[in-house]
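Common to both upcoming complexes is subunit A, partnered first by subunit B, then by subunit C.
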Partner chain A sequence: MRMPSLWQAALAVAMSAVAVVPGTAFAETLSIWARASSSNAAQHMIDLWNSSHDDKIELTTIPDNQMVTKLATSVQAGDVPDLISFDLIFMPDFMKAGFLTDLTATLSADPNQAKVAKAFRDLATYDGKLYGTGFTPDVSILLYNKGLFKQAGLDPDKPPKTIGELQQYATQIKEKVPGAYGYYFSGSCGGCNIFTQAPMMWGSGATLLPTSGDAPAMEGPGVKEVLTMLKDMWKAGVIPESAEADTGANFQATFETGTIGMQGSGGFAIASLKANHPEIDFGIAPLPGINEGQASSFVGGDVIAIPTGAKHADLATQFIQWQLTDEAQLEGLAKNLILPSRSDLADNKYFQEEPRYITTAQAVGIGQTPYAFHFNDMVNADQSPWLTMIQTAVFDGDVDGAIQAARDAMHAIAAE
Partner chain B sequence: MVRALRKSEGFLYVLPALAFVGFFVLWPLAQLIYLSLTDTSLLGGGKFIGFENYIKAFEDKSFWRALWFTLKYTVFITPILMGLGFALALLTAPNRPLQQITRGIVFLPVVIGIGSSSLLWFWLFDQQVGLFNKFLVDIGLLAEPAVWFTKADMALVAVTISITWKVIGFGMLLFVAGIQSINGEIGEAALIDGGNYWQRVWYIILPLSLRIILLTTLISVIGSMLAFDQFYIMTGGNPRGQTFTSVYWIYQNSFISFKLGYGAALSIILTLIILVFSSIQVFLSNRSPST
Partner chain C sequence: MTAIAEGTVRPVAAEHVSRAAGESRPIRYLVGAVCVAVSTVMLAPIVLGFLASIKPAADARQSPPTYLPHALSLENYFKVFEFQAGLWTYLSNSLLVAALTIVICLALAVPAGYGLARFKIPFKEVWFIILLAPLMIPYQALLTPLYLTFSKAGLANSHLGLAMVHTILQLPFSIYMMRNAFESIPRELEEAAKVDGSSSWQTLRSIFLPLAVPGIVTVGLFAFIASWNEFLSALIFMNKETSFTVPIMLVSVRAGRLGSVDWGALQAGVIIAILPCVLIYLLLQKYYVAGFLNGAVK
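Now for the complex of A and B:
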């Protein structure tokens, strides 16, 4: 038998020593998947973690529309990332399917969890258990072009506070400013419209998506009023013709042409407009309801969770708790002009120089997110009842028929 | 023993190919068939439900509308691709420098991904910033920039233009290969007999290229029947779901509505339809004269 050489023996002794010394551990590398539209925000948070921890995190960006497929197949194949950041709207479906790890014990004991925007806490709860928490939120707001407001004789510091005012201002812009339009929305994009038109409905008191086959759907004040407003503006030519075919590809680009008076958009628009279109003087306001004081918002963005079967679930849980701390929320998100998921940090030192961020961050607190299974079927699909309702009401002019058809179709989906 | 081995010698030669086809084609196909008989969801679960998905498919108006639109698209684009491809092949078949360079230029878009080219054309057709619209306005064909994707027919034309630009070079190349493989002496004999250019094209080149024409048509028809990317990117199935293709509808059901079982049943139906088309074309191809 060949004897080990001296250096081999020394190495073996050194390795044994490392193994028995308490507290000595090898640093781990965690993997996180984040959808493309929020990967920038996630990267800031990860960079901050990596700069102060021995265990590192590696981000993999997944195209938005592939996230569900990737997660579903990875869970079923037993090869999942340690963390996952995805559109919070899919939480109910994923929790029900058993894709996510129960984090109730950890999060319930964490005082920061109670400060996370309510929409995130609600969406991450299933059967009384918590499966995730807020990570990189975004909210819908009303974006308006102050330059066009001035040209139309409107006060650029007084955005509309009701949908009646919104229609009136939009019409005035169309009439007074040659080549300009008063309002824009992506008429063939279900997701864009649940983000920007739905808050005007539920802010007025409406219940939109049913949670079961006999739950209220498209009920209450706001649904008919908002659809009628859009229909009237479309008929009057206040909305550009291209809106009808826009699948969301021009959701942001049309406002950037400088010819649109107002548009429902998201907090992400602020940084984008400031960087790419400094010539556009724009304002931010909450999305209005029927009456003053009924402003609301759609709280979107990403939740963070641990997929079932994650290899480093303990470390992943540590990261989830850490990202809720003041340090992570302020230095990882707010410092980079990204909204914190904790409502109590909406008014922070980094947003002081840009009040538009404060307006947006405050919308996280007043906003909602519909809790619905089959959200894709009801809203995002290209022939979803939600989208079909908007198209039939606005472009065909049949508001009542559109609402009833959507109600029936949504009940059928919810009953599945 | 030796005799038995000799008997199965042919089979042994094709065994690797058979194993490959069995593993990569037949086995997944068998799984797809089984999946189509279940109510499997992308989110997990699923039980055997017999032919329920197929019955549902026959009652699914959206699927039949998508299939009808796919056929319409195929019938619309195939003659354009074949006619234009053959015309370009006639122009570029001689192996002279100018023709060779032209072939290269026309073929160039073929190597671009269909996703990239669809995105490119989507913006070229844009009402506000699209250069194609501006070009049409500048030459006086349009009074003002058109919104191409609000009408199904306009959307069909827009997608056809983009796909023609993208794939015409492939057909042209196959046709050039077909034309170049025709025995030159036949053309020379026709020339001596006083046949003009068009007579040579009609009586010699076309009949002797029939096999390659049928093969190219088969590839084109299958490609069109399976169209997805271009409509996904350029129209999103709009306006009002009028430009959904069959594959797009299968994608919607499988990955947006998470109904994998139903999506599998729709895929089987589409496979059978394409199989019928392909069989007809292969039959015709076998009856055509060879070069």
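Now for the complex of A and C:
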């Protein structure tokens, strides 16, 4: 007697499957790869799309450091995802290598594209063509501990406006507050420092990374001044000793101890601090330059692009255009306290209760991103010229020698 | 003297202890102290990892870290359980790939080891060295060509394909182990089987395999651990979140901005990931030690 009921059940399942097919017959599933550290933001956007579209998107998280390898091998094998979200700094290398689909026709006709932060538009352009646009941005800012400012006799509503003030305030915190340090940076992390120290240099007028073997590198005001400031603070014990060996693993954790006066950080720190350390009263300010009014920042975060050979390129293009609309930017990103990539939406209804987000979102508009090939070799690698320069200048104390050595090494890489 | 005095109560045990850990009391204590010290060094990372995994996430990120948790929390484990496709997806993928790797590895290494140990093959040692040669090439260098080939053969993004890659990486060691295992079995047994009229397949099945179990278990265990922990080829060969294995999830789950690490989630992931290895090792350890002694003394 059991068999018939089993058959009936099977038949019922089969019939319901048939009944569903007409509705989903034309729906496609797109695949997107996003690097791990931005997958959370990407997921919000994807959830919003999936809730309002028949065609669904499936996210695959790729560990940050492996994205370049993964995309390169996939393109070679012709087995690519429909969309890809990665660190915008790799845009020049990927465009040059021919890994990405030309989106000029679609994006230049889209009115929203002109409102995307300039750094994203610049970085996604190669040979006059557009290969991607902003997706989940992030931006560097100066994070400071208001509690420590008060204890040191500083005004918690007046963060430093110049690097001179930064050094002065940091020293004052170290001297006045027992157990506290004035400043922190991850001394063995190239990426952290291009994100947080470099804007102080280029804000002051410096040109950092060369685009060819004879282009200016580490030139102009700011380079020497910022390195000297860091060196002096290190020598005076204003920066904790653990900074020297930090490969970035404690980039966020150290400020969260509540003993650090100031640190270059990113917009992501706001949500993390509010959630994990409500006891820390912190402020957000633009990263200062040598003189007042030279504030700048590094626009980081992810671009979105379509790899060469994607199977659903048309649908993927639709998604890219959709994510630039007001609805997606506000409901997908801002509502979840993630910065919108369109500068015109920096001041939005969701950020009203937390003015620190507005400061951060505005920094996206004034920030820059270096346009450089071989960025990994020049900056991110463990022994990159950029990182070696900082370590030699700050920890060994040879500022001039460090700058010259970095210039030579960067020229050699850029000439490849 | 003390040993003898104690020996009147439990002669066998006392004799055993005195032989195992030295003749005199000072030496016994010294040996004990060394054992405790070594165990402490070996266990410390696991214990500290476990303690960090049961701290609240914010505590686990503290710098400098505290040794003992101030409060207990399972939030790190929840994060690992719920990360992206869910822990069970990654665990079942890893188990499937590891099981396939063991099967393919044994299917190839057992006959190969048997052949190399027991048959007269022209240039046998040359073949053996050729089979071991891949150990000398860093496997990262092989991955891109392998991926392109597998992709054309439709084996990319499949667990069978990944298990084949893991087998390729594991095979030289496995063949080496199996050859030693078969060589340590007395020839007289083989000859006795021959006299009784058994074919070489029968001899392998009925005489050699039961005796080579420790070697087979060792090869299987190593194949399991290698496949379970392998990160790079799993990442390159798999293209979907739902096909990824545990090591890839472990790297992604701890990732913060600019390389900052979520220590709590990382430690929780590590504890979860080592459990199957420890479990299998404990179950099979008596075979494992025997397998390593195969061919050690001839």
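A few points about this structure:
Quick note on the criterion: the second predicted complex is superposed on the first by the 391 of 416 C-alpha atoms of A that agree within 3 Å, B and C clash if a C-alpha of one lies under 4 Å from a C-alpha of the other, contacts with A are read in each partner's own complex, and residues count from 1 in each chain.
One rule holds for everything that comes next: a contact is a pair of C-beta atoms (placed from the backbone, for glycine too) under 8 Å apart; a residue touches a chain by one contact, two chains touch by 3 or more.
It should be emphasised that the depicted structure is a prediction, and the values quoted were computed from it without experimental measurement.
After overlaying the two complexes on the shared chain, residue contacts for A:A36 are found with subunit C alone; subunit B is out of touch.
In the superposed model, A:N276 makes contact with subunit C only, not with subunit B. Applying the stated contact rule after C-alpha superposition, one finds that A:A249 touches each of subunit B and subunit C. Using the contact criterion defined above for the overlaid structures, shared-chain residue A:D64 touches subunit C, although it does not reach subunit B.
Of the two partner chains, neither subunit B nor subunit C is touched by A:A406. By the touch criterion defined above, A:D138 reaches subunit C but does not reach subunit B.
When both complexes are overlaid on chain A, the residue A:Q76 reaches subunit B and subunit C alike. Look at A:G266: by the touch rule set out above, it reaches subunit C but stays clear of subunit B.
In the superposition on chain A, contact is made by A:D93 with subunit B only, not with subunit C. Residues 69, 76, 189, 242, 247-250, 253-254, 257 of subunit A touch subunit B in one complex and subunit C in the other. Interface of subunit C with subunit A (complex): residues 57-58, 61-64, 84, 143-144, 147-148, 151-152, 156-157, 235-236, 239-241, 244, 248, 251-253, 255-261, 263. Of all residues in subunit A, only 31, 36-37, 39, 58-64, 66, 69-70, 73-74, 76-79, 81, 138, 186, 189, 191-192, 195, 242, 247-254, 256-257, 266, 268, 276-277 touch subunit C in the complex they form. For subunit A in complex with subunit B, the residues that touch the partner chain are 65, 68-69, 72, 75-76, 93-94, 96-99, 188-189, 240-242, 244-245, 247-250, 253-254, 257, 374, 376-377, 380-383, 388, 391.
Contact residues on subunit B toward subunit A in their complex (touch as defined above): 42-44, 62, 122, 126-129, 147-150, 155, 235-241, 244, 252, 255-258.
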